Structures are given as C-alpha cells and as structure tokens.
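Two complexes, one shared chain (subunit A), two partners (subunit B, subunit C).
And now, the complex of A and B:
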C-alpha cells in the first residue's frame, strides 16, 4: 500500500489540525483518490460478505415462514440475558474501534493501542459468553450432530419449572390409570393435551393439518375431523418427531449463523493483533497512514452489523 | 477521475500530484472526493443511542404489541425497524458513510440492493406448491389410510 511512498522519504507531520499527513503512493493522483480507492475496495469485500450472510438470512426467513411455531418453540432454549450482554459488548467494541481510528488519524500511539486492546478484550468477552451458551446447548442435547429434543425439553422444564416434568415422548400415558380402553379420539386429545403441557409451543391440530396440505391434494377430509387428522396422520410419536426434526432445523440455522459470525470475530481479532503489533513496532504502514486501522474498523463494524440483526431474529421471537 | 485516462501520459510531480488533480482543485465540487471525518463526540452520541436502542429491542420482546396494533407479526416488524435503525447508525456514523465520497455510498448501497434481489428468490417459494419430498417422511401413513385404527399406530407402541 503506501509503504513504498513512506520509505521514499515522506515523514508524518501535523499540518492539518493535528491529523497525520498520509503519504501518497505513486499510482494515485492525490491522497483523496488513494483513500477513496482503499475504502471502496474494502466495501467491495463487504458487499460479498453481505451476500454470504444474506443466503443464511434467506434460509432463516424461509423456514421461519414455513414453521413459525417451531421458531417460537425453540427460541426459549436461548438465553436472552446472555444474548443482550453480547450485543452490548459488541456495540462497545464498535465504539472503541472508531475511537482507535480517531487516534490513528491524529497519530496518537497510546490511544490507538489502548482502544484496540479494548476491542480485543470485548471480542474475547463475546467469544467467552458464546462458549458458555454453546456448551449449555451441547449439554442439553441441542447440538446438531447429537440432537435430542426430549432431553432438551427435560432440561428446560427442570430449569424453568423446577420439577422433573415427565417427558412426553417416553411415558405419555403411563401415569394415567386405566388409560388403555380409550377411543382413538380420546387418546388423541389426551396426547395433544400432554404435548401442549410439555411442549408449550407445540403445533396445533390446524397447523399440522396445514402442513399436511403439502403431502396430499385431498385437504377437505383432513381439516374436517380433528381427531382423525391427529391419530391417523400425525399420531403422537411422529408428531413429536416432527417437532424434533424442525427444532433440529432451527438449531442448524442457529449454529450455522452464529458460528459463522464467531469465525468472523476470530478473524477480526487476528487483524486487530496485527495492527497492534505493527503499531508497537512503529511500522510506517500504520504510523504514517491511518487507513489500515480504518479498513479493519470497517470490517469490525460489519461484524457488529450482522449481530445487530441476529440478536432479535434468534433470541427475541415472540 | 474520469479524465485520468486522458492524462495518463503526463508525469507526476514530486508530491504525487499530477496536472489532473490540480484541475480538480479548480472545480467547485472538488470536495466531493474528500473524505470528511466527524468529531469524536458524534461517536459517543451514536454509542449512547445504540445502547438505548438495544434496551428498546429487549424491552419490546416483553410487550405484546398486537394488543395495541392489530397487525400479525407487529412485534417482528417493530423489532426489525429498530434493528435497521441501529444498523443505519452504525453504517452512517461508525463506518463513516456520512463523510464518504459518492462512489463509496453507491458501493455500500449495492450490497443492500443484493438483499432485495434475494427477496425475489424468496417469492419463488411462495408461488409454487412444495412437492412431497422429505416432508412425507413426517407422516408415515402417507395420507392413504385416514381411518387407520389407533392400535396399529401410536398407542400400542407407547403403552407397552
């Protein structure tokens, strides 16, 4: 970048109101063109990043439209206090980042390093909280590869209600004496009631019937008889399986999006460390020019931007 | 900048300023190519606003807005409006789109135009019926046996 010009003999001066005078590389007409070129280049990269995350947001929106009850059901496994704290931590880091850029513009070494270290601490805090969240998901059986919806519900009931709440999928009727000689409709209602108790956002019969529309052209028959729909087509075990599969879908999207975001945080931390290292060594690429810091800042704000949308979409479903 | 090609054969002077840039300096709109840096106080204010809006976002979750405004999904709509508000604060102030050149603004907007295009892809899912594929797996009887006796399906399996 402008290192060549820096070595050629340009020295920083404080001519423009305390702002460092950046050296101009030989391929640029003037400093404005050079700066614009850098920033547009960075934005081009960010546009590809928007496309990258955009595809994930599309998948999210599609399945949220198809299975709203599942999203409502699954968001209760995510911790809002932890998510909100993480958002605050990221906003703080974004603010520290702009302050680092201001320090870089004015050639203040201490300020720049100090703010960048604050950004680093924030990103470590973010990843730390994320690790706490992820590990609780692993423990509860919500990890994509080892998915166990019944176990997750048991854990949730234990935490939320404070009792051992009988898991529906394992012993649905065992507690009811004389349950065996019941009609199909009664059993269906009982199952449904039980499912509603254990799974608060269990899809309603109408919702299940609406889904069924996709598998057969004959919908009139189904919406007519509630119990018939329930026992014949989405009998209790398969209904739980349905809920489980969709919950797994939600968590695939959750881990995909937040994992990709966390990867971006890690990459950002490496960039931050590089800039700090260069500034500590008084390398001319960061002492004479604030642009490297500015570009890392653009990237960092983008990462913040993604989380601003992820937080309400994942954690705050109501 | 459009005149760069025509002036490419001329030599640059010691400061890297060619005749083209001097020509630009004479033009009244030259400042358009100059990136303006806002004062640090703007960043402090933006940060305070962002924290306030974060509190609003979390607070909205606990309020059922549909009781006041009878629109389906009003909570989601308001949450997204607040998120877009926060995002534009970050983009305009922190990413300094405000003080940037027109080309930068155009580039930044392009990314969000892409998201709109993607909305068009989304419409495709709404206009055609889903074909029975993996979804059929959720209904083992395949929609053929509406009056199947209960004993053959769920109850006998779970009551054992």
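And now, the complex of A and C:
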C-alpha cells in the first residue's frame, strides 16, 4: 500500500501543485517504506497511550461500581457548561489540525502555520478553562491534598441559594435531620440532591456541609485497655465521614485523569511549537516532509478522543 | 505476501545465500587487515567519545546497553551477595533489619527493571535484529538512542534512591507498604522505574515497526529466524503491558507526594487494585524476560545441531501464544488475597494453559536434536542448561498455579526458587548463551572455548546449589523476605549461600575471558559457527551500514539440510500429513 496514493492532492493535476518530495533516511529503501514506518510507529505508540489511560479508566470503573452514590454526588461540583465548552474547543482544534496536515501535505507554509496557530490557541483556551475549573476546586477545598468536603458543600449551598449572608457553618447541628428540619423550596432542592434520591441512606448536602460526626448508638466507645494502641477509635465512621472520604477518592481520580490529559495537551502544544518554529526557519525536516505534522496530528486526535471519553464520564453522571 | 515468487526461486536456487554472499565478497580481500579482520567496521568507524554517545547505529547502541546493563547486573549481584551472607545464620550476621530490607529490595529492583527486562532485547536484540531480517538499521535510530538515555536516566535515579537512603518496599512496591508505611526513597525509585519503562517501550515500538516494515525482500514472516518471532512477541507485551505498570507506579508516586489516593484504603480505595494493575504488567513482564531467552535457544540449537528447528511454525506461534496467555494469568499472584474464588479458578486454569506452548518449545528442541549432528560447544552447554532449568522452573510453576498448593506455598522460598529458575536459569542462561553465540559477530573475535565451557558448567552447578535448597526450605514453610528464621532452615540457607558464591564465580569467569578475547581472541571471520542466517553472511564485526546491498532472500530459515528435504517437510506441514521425524515425537 502506498500512503502517497492515499493522501489528498497526489494527482499531478491538483490545483495545489501536488505533493512535496520527501527526503528518505538512510535506513529506508524508499519513501513509502519510510512513511509506513512512521505511521505504524505512531499507531503503536498510541496503543501504549491507550493502555496508559486504560489503567486509569479501570480504576474509574471499579470505584464507580463500588461507590455509585459517590460518583452521583460528586459530579455536582463539576461545571457542565465549562466542560462542554472545553469539548467544543477541542473539537474545533481537531478540525484545525486536519487542515494543518492537509496544508503540510501540499507544502503550503502559510496555511500550515496558520492552522497550527489556531490549534495552539484552542489548546490554550482549553487549558485556561481548565485552570478556572481547577482554581475553583482549590478554593472550595476539593483539591485532594487539602480536602475539605464540608467547606465544599457550604460553598455549593451558597452558590445554589445565591445567599451571600449567614454562612452555613454557623448553624451546624440545627440543620441535621431530627434536630431541626429546614423549610422552604431551596431546602427541599438541597435536601434531595441526586445521590439522596437514588440512595436513601446517603447523607444530605446539609449533613455533608455540617461535617456531622457521630458514633452509632450500638457501638460503645472502646476503653483504653481494650483498644491498645488504637485509643482514638470511636466506632465506625459516620456516613458523612465516609461520604467525605469517598468524595476524596473521586477527586483523586478526577485530578489524576484530567491532570494527565492536560499534561498530554501541554506536550502536544510543545510539539506544535517545535514544528511551527522549524517551519518558520524553513528547516528541511518539516519543509520537505509532511510526516512530522501528520504524526502530531494523529497524537492530537488521540488527546481529543480521551477528552471525549472523560467529559461524559466525569461531568455527565446521572 | 510475496510467497509465490519466493517458492519459485527456491526451486531453482543452487547456492544458498548467494545474494548476500556475493554482496560481501565484492569487497572481500582488499578490505581486510593483516590479521584477517575487516578494515572498516562499526567499531572503528569513529573513535571519539562523542561518536559513541551520539551514535544512532543500532550496533553501537547495543554495545552501550551491554556495558551499562553489565554494571547494573554487578550492582544487583552485590546486593544479593550481602543478603546471602546475612542469611547464613538464623539471627543474621551484620545487617540491621532495615538494611536487610533495603538490600533485597535493591536486588529485586535492579535485577528486574534494569537488568532482566532490557537484557536480551536491548543488547542482543538491538544488535542482531536488523542484521537477521536484512535491514540497515532499526526503523527509528534516534528513538533507539533516546531509549538508551531514558534507561540511563531511570537507572541513575534508581541507583541514587538506593544509594542515598535506600528503598525497603521490595521490587513489587505493594501498597500500602510503599504508599503509607515506607519512609524511604520510594518515590524517586518509582520515578526511575517509570522512566526506564519508557526506555523499554521505545525499544519495543522500534522492534515492532522494524519487523513489520523493514524485512529484506523475500524475508517473509515464515522465513524470519525464530529469535525474531520471540522478539516480536516480546515487543507486543512491552507495548501493551509497560504503560499500565507505568501509570500504576506513577499513581503510587502521586499518592506519596500529592495525596491522590487511588489505592488508599482510608478513602475506600483498594490496595488489591494496585496488585491487579501491577501484575497485569509484571506477569507478562516475566515473558518479556523469558521469551527472548526462548528465542535465543532456537538459534543455539539450530546452529549446534545443524538442523532446521523441528516444527518451525509451531515454535513461532507458541511465542505468540505465550504472549497472549501471559496477559490472562496475572490473577495467580493474588490467590491469597480477597480475589474472588471463581476468578482465581479461571486464572488457575489459564495459568496451566501457559505450560502448553512452553512444552511445545521444549519438545520441539528435543526433536530438533534427535538425529542432528550435535556439537557440544559452549553455546550448546548453555542451551542444554537452559532446557533443564527452564523445565524445572516451568513445572514448579504448575504447583503455584494450582489453588490449593499455592495457599501453602504463597510467599515462601518455593516461589523465590521457582522464579529464579525461570529468571536466572532461563533468562540469564539464555542471555549468556546469546552473548557467547553473537560475541564473534559483535567483536570479530572468538572467546576461548575451554573457559567458556567451564563457566557454563560452574554456572549450572552453582545455580542448582543456590536455588534447589530454596524449593525445600519453601516447601517446609520458610517465608520469603524474612530477616530472621527458625534454626531448622539454616542448613538450606547455608547451602544456598554456598551455591551463590559458586554462581558468582561462574559469572566472573566470562567477564575475564570476554575482555581477554577483545585483544587476544582468535579472529572469528564472518561465520565461525557454520550457522545460516543473514547476520552470518556479512563480515564480523559488521560495517556500519550492515549490508552493502540489501539481500534478496530466496531460502527458508535454518536451511541446514538440503533444500529438497525442507521443501518436502514444508509440503507435509502444509497438508497436515505426519512428518518423517514424527516417529520420534512425543
């Protein structure tokens, strides 16, 4: 199979002037062999990338199976408009990348650089939106290194109610069911968030926000002698504590997967900057050969594809 | 693809390897120096340090790998030397328990990630793979050099972590040992292993592309030497497995540094998930270490018996089968964890199935030797030693694959003995055999045969004395990784320690005669073994560009017999009739 036959504009009558003549490296017999090697090599690399992310997706699936309520609860904190915007931005960048590859195949310098700059702008936009999302997570106490689920829920309530005054933390136990039931439409909305609707024993947002701790009545506190070194043990953790820990697990996965994906975006941007720089200097490796652009394009589509999976799996849980 | 054309040319061919021979004969005499060595070859193409450190020649990169791997091997050996001395007494000799933990961890980490995984692929494979398939280089020479640098960076990080503080989590890095309870340099060592993992990924990627796309004209899939099949299967495992362990180890690093606690039980994470993901790579990694050794033995046996390997296609596909099965058995490392009994049963059955392709190989080697003109050279000593040790290692694996016995034997010295029979008795013996076999091709000079045979025998004796007692100690209940042990195990531990000193001698003898042979060894000539294969048709050491003209292959692999016989055998194979050698088969 000849790759040159497969690409657009190979016919001599093409209005774009046909395909550029590529130099052949010493280890190859001809240009077809070289191009095929590059393509097979890149696809093999993408297989390793799939396995790389695959391990993360495995962890995601396992914990989603084990803790469905946590996933349902935690996606409250992810902004669907921002995620959807990012999806659109990446799709746009994929299209620009296709155009850049076509321009490179036809040896059009301006087109190739222009489209690559558009890809770069898109990826900067993506990272910018990602930074906004991350910083709000940091602010709300959802970063796993400094995790504070109660604070995050108080912030969430504040945002949902649009209530700037009276921080929820100052009315802690009154909000716990059985202590003093709250009234009003807002309360009902908060009370019945999705996880609570599907999993009746899941803590309410109020309970989570109050960081309510209790010991189940039938578990006595262990005496020091009984407990040995475990003197701090006071019975099983409360549902609120458990939910908080599980939420931390969810955000471990969230930051791990999106962080790894963002790292791939950054690597892709560096590759594009390299190609643009070489093309501006008319370096033969990208001037006479469209393969570097083609391979970066393959990589870039893969990175986009990962996000296409991440977005629904993280943001659109229901 | 080109099958029909080649079949035609086989019918009419008269001089084997004619194309390649005439290619090298063009420049035969006038290009040799007074000793008979070629005047221009890859070793003397340039002499500066820079010409070595920035080389993209696969042969030079193989030599770089050979030197660095040997250094890591010596360091890993020194670490286990300290452990073996320590274990001669039930209460230990000179190490604290912390230091003991760090020593066996250092041994495991260095030997697995920095020696065994890259050993045959990165040195021998790098050197001979393009020569065997008739290519001028690997598909991506610069990527190949990058692979060596990644390996060295990873190795330096691991060594740094081990030297300045040490690592005590064992080479398996089980969580939560490695994430919560260890306060040693686990994170740095893991980053080192992570980077070294990318080194093997790039090597594997290079091999896959090269084997797919760079074979010489006429070199069809069923004409490539079986070593190439083994390297191909190995590369597939590397490509599919290594990224998974890379991300797994990275997650442990992230848990230690950024508190991303995917395996943290405190958050509801599952430490057994770590074991699943770790062994999803690390069990296939056993075959990353083993398959190249299995491939090498085909070459050694064919060259030493002057026969075509019996059942070529079966041996080729058994490599692929091992690669496939290798990915489906990782759960047998977790029979003693919370893993479901039913999945354990499935894993157990598939583990037994791995024995089938392994046995196909062993029986086919025996059938190859049958009625061959077996030459007892040093390389044949290594091959025979390999077959024996691999068989013992493989059969004891069946004990561990069956659920009930494994509960008794899990994490005992029986396991240690089993995987050393595979890893040392198999991989290392294969590596040594390969190094001897292709040493004349690499350096242009022959090693002395007598000391080589001696070292093979010393290795065999030392190895068995070291590890056979560990089967017994393990069966009697001695757990692995323990610093102190009950006095009744002392006799087995002392036998093992004595054996390891003999093993060390067996490893040091080759070091001396290999270095000696660089200057004083007999000039080998292109083909000292009378072997077939493209690499033996070019001068030793080969020129930088390998082949003056790319050969056109019109002959089958291992064409030692008259080609009519091979034709007849191939015909019988294709129509499924019993072959002539089947009377002796098993």
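To be clear about the criterion, the second predicted complex is superposed on the first by the 226 of 318 C-alpha atoms of A that agree within 3 Å, B and C clash if a C-alpha of one lies under 4 Å from a C-alpha of the other, contacts with A are read in each partner's own complex, and residues count from 1 in each chain.
By definition in this document, a residue touches a chain if its C-beta (ideal position, glycine included) is under 8 Å from a C-beta of that chain, and two chains touch if they have at least 3 such contacts.
Please read all numbers here as calculations on a predicted model, not as lab measurements.
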| item | value |
| --- | --- |
| Touched partner set for A:52, first subunit B, second subunit C, both or neither | second |
| Touching partner for A:67 - first (subunit B), second (subunit C), both, neither | second |
| Touching partner for A:44 - first (subunit B), second (subunit C), both, neither | both |
| Touching partner for A:256 - first (subunit B), second (subunit C), both, neither | second |
| Which of subunit B and subunit C A:282 touches, first, second, both or neither | neither |
| Chain touching more of subunit A, residue-wise (subunit B, subunit C) | B |
| Residues of subunit A at both interfaces, subunit B in one complex, subunit C in the other | 26, 28-29, 33, 36, 40, 44, 47, 51, 54-55, 58, 62, 242, 245 |
| Residue ranges of subunit B in contact with subunit A within the complex | 1, 4, 12, 15-18, 20-21, 24, 33-35, 37, 40, 43-44, 46-47, 50-51, 54, 57-58, 60-61, 64, 75-76, 79-80, 82-83, 86-87, 90-91, 93-95, 100-101, 103-104, 107-108, 110-112, 114-115, 118, 121-122, 125-126, 129-130, 132, 135-136, 138-143, 145-150, 153-155, 157-159 |
| Parts of subunit A lying in touch with subunit C, wherever the complex brings them together | 26-29, 33, 36-37, 40-41, 44-45, 47-49, 51-56, 58-59, 62-63, 66-67, 70, 144-145, 147, 242, 245-246, 248-249, 252-253, 255-256, 260 |
| Subunit A contact footprint on subunit C (complex, rising order) | 135-141, 201, 205-206, 208-210, 212-214, 239-244, 246-248, 251, 254, 258-262, 264, 266-270, 273, 277, 280, 545, 550 |
| Contact footprint of subunit B on subunit A as seen in their complex | 5, 19, 24-26, 28-30, 32-33, 35-36, 39-40, 43-44, 46-47, 50-51, 54-55, 57-58, 61-62, 65, 80, 84, 87-88, 91-92, 94-95, 97-99, 102, 105, 172-173, 179-180, 184, 187-188, 191, 211-212, 214-216, 218, 221-222, 228, 231-238, 241-242, 245, 297-298, 301-302, 304-305, 308-309, 311-312, 316-318 |
